[in-house]
């Protein structure tokens, strides 16, 4: 795969070198330059669509914003091409951030609508603000591009565009393989799991939208130089659709997909010209056909075919893996073992009290089981202390650190990790990547280092990979490292979730019904694993129904019933507690003789 | 004074259209947690079909009825073939893109059919303007907000007093439980898309005599309808009505005192602002995230 | 029992959620007029089993026959029409709608209250649960848990079921109310209604059932007349673990 990408970049560079030499006239070169500009938009938009799974239908608006910024700064202040595109990038990024932040918190659909609206706002501002934009007549006589005062020839301008597209493709490719891209993909596949691993999903989505906005802005500035004239009617809703289609047609999420899509959709109109009025119809039809027949796009489909034809070789035993003890110990040692305390924690949904003044103390380093009949409030408890529900009253803390009111990603970063009752894996990512997402909060490299694959980034990524392999080895999944997570058998999916949670290097680990759906043998293995985790100094809170498992591993058992704590003691004591038996059987009537008959 | 009255009355007219469109979005969203992005085009379908049927010699009432029915069929088909196949996995953007694609195709077909011209739709409601407190309006314009109010009330009545209305509410709340009652969930969802589109087609026919019918008339109206639904909170029918009418009036004032371009800027900026402050809309219910 | 008409028969049913197998090779038979208890610990697969039977989840293998007809592939609404009605776990009422609306929706298969039969059921369930009669115009979500469970059962009865499946009757209810509701089910059964009661509180369910199935880890561990099951020490194991009995 890696070699394939290197080859791809080489071919791409070669193509960019050859085209200007073979172009027979200026018009042909111009069309190709147009493609380069569209390519920049598509490559940026791919970060949003392909990585975060969100859709923007307003890229034309951001493109226009960049074009006007570039055009105006060049005309008024004599900015050269670098300064003008920087200004365009800045302005577009700013608007992108303002636009994305309120929207991505709500729903993906809203972002689509908001971006359409934004496109219209920009179009109308361009019409209205005549003194700046020239209104409907547009902005003409944009000077030809210069670099540091030296006017660029046609070929030099071509070189600028070609380098820009090549760089944009390379940078987004690097981004995709970095912690940012990984976290973006993770949050599009399971937002709650991403949050539970300490990822701030809102920030990340906003970042993706800002990147898409910036590239559209830069492309806009280039466009204003290429065309030397811009007016509001060049940037319409159907252009936004076209940019979107470029990404989807080429293959959202793939490195070269958007470039291929942009190429096809730049040249397609040339061939569709004889269709005249049917041209837009053809666009709609094409989008529909792609949605049904080629949802992964051209390169995505090719990629799947390739994988089927030549699947990944099984990974051999880890060569350079660190041991789990090395990995997890230091973080557990630097503070004393963590204690979880809740005080009178109450959660109400409407009129229903799901959790009623629950005060629980999970002692440092112990394995603490939380049990109770269905509907007793166990899930509510877990979701509250991991930050997904807000408590109505009461508070909770880890090792003295107040947590109530904190978001789930903040709580995760303070040392609490969890698994989910219904496994929440990142299904389209590899087993190894799933675990590396868990390492997210321990990376130190920044966005710039991610984009250029700095030595620090590579070192930290290698280190994370080693840790991840060690963790996979610990849960017995090392040979599955390159499999796609969704194809794992269920029992192994549960283990992967545990490995992923451990990758955050937690001080306390919440296991939400880890034995549900497992076979008896798998449950035995799970018991061993839980004991090993506790031996590493990690406090474990186990929410479970499988009594065998609880009896086998728990130091303390807390029983919830009707949202209240009715018992908290060692398992052997709890087992004989009449209130617990009552809660589980609903009276001691018929079963009482049985229990007595077998002393 | 008469200018202000003028703005209010014509604002209520266009606001009534926004409310009708937004009501459609509300109905679709409630049942499917997805909408038809080509909903604006049902307005175009309604208006242009009426004109075509009139040209074919049908009486106005029959032309209107047939066009509205065709709109309803369109909505049902969109649900069946562009929304349902993608709505299975939540978070899918497939239905969004598929319905947008259909919208693009409808629009270009309409453009070819009309050669890109705007066409008048004759209506007794625009033959003569009436004067109210110095403002001149067509009876048609007075009719529109009335229809919007009646449609909202009608929807409430259907929900309260008919079995299918109760079923729609039940589905909005819990699809599985509804199916346990013997309700065919898919059929009712398709029906609600049909109902939304009936309202859309009717809105198109109502507004066409005032603004003229064209291939692109529905696009902006549809989008503003969605903006209204977002501002009001897409879960609230009465909220949608109130915000729709208000949105229309505010627009007319901005248009009158500043300009047409400013109208769009203010309207859509308002939507973004509301989302920033109250993500669930002014009258909407907050959705609880299930873990 | 073999001379009685078989109402529901499950043969070798398997149920999967993605990669997870929730139910494996389950076979079960319910005769007309019986009250059958399905008991087992939380997460044992009871709910998945009845979801497979009532069409909420499609089984990945096996057959579900209702009144002799193969209904395996039939969705839930089709089964409800044929008289296989379920009161779901957690009640799943329509909380924003009134008690009356919920009951009318229960009679959806008869076209609401239009049908004489549905009106008769309406009077009958209100006689059965007088508390609901006082609260007809109240929003269902504003009632107490016990009243909500009453409404859920009443709503199920409105369809005029041949077989009523009740999933987790006792969920989140106070013991006193559970006892009351159990008594109501016993009465309904005496009047001829066939009932499958899926319940975690085994003692309650066994006290009124004719026949019981014990579900453990997605499969049926034990089955037999409920008196026998209640006397079987292994049942206790399935709930609190072997050592609970041994100590």
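Chains here go by letter, A, B and C, matching the order in which they are written, and residues are numbered from 1 within each.
As a convention for this text, a residue touches a chain if its C-beta (ideal position, glycine included) is under 8 Å from a C-beta of that chain, and two chains touch if they have at least 3 such contacts.
No experiment lies behind these values; they were computed from the predicted model shown.
Set side by side, B-C and A-C show the greater C-beta contact count at A-C.
The central chain of the assembly on a C-alpha centroid basis is A. Centroids of chain A and chain B (each the mean of its C-alpha atoms) stand 34 Å apart.
Chain B and chain C have CA centres that are 43 Å apart. One finds 41 Å separating the Cα centroids of chain A and chain C.
Within chain A, no positions touching two or more other chains are listed.
Within chain C, residues 95 each touch two or more of the remaining chains. In the complex of the two chains, the chain B residues touching chain C come out as 163, 166-167, 169-170, 173-174, 176-185. For chain A in complex with chain C, the touching residues are 350-352, 373-376, 422-423, 486-490, 493, 513, 516-517, 519-520, 545-548, 550-551, 562, 572, 575-576, 581-582, 584-591, 593-595, 597-598. Considering their complex, residues 34-35, 37, 82, 85-86, 91, 93-94, 96-98, 100-105, 107-109, 111-112, 219-220, 223, 226-227, 230, 259, 261-262, 264-265, 268-269, 271-272, 275-276, 279-280, 288-289, 291 of chain B touch chain A.
Those residues of chain C that touch chain A in the shared complex are 17-22, 41-44, 89-90, 95, 141-142, 145, 168, 170-172, 174-175, 178, 200-204, 206-207, 217-218, 230-233, 235-236, 239-247.
Of all residues in chain A, only 53-55, 57, 99, 101-103, 105-106, 108-110, 112-114, 116-118, 120-121, 123-125, 127-128, 188, 192, 237-238, 241, 244, 248, 277-281, 283-285, 287-288, 291-292, 295, 349, 379, 383, 388-389, 420 touch chain B in the complex they form.
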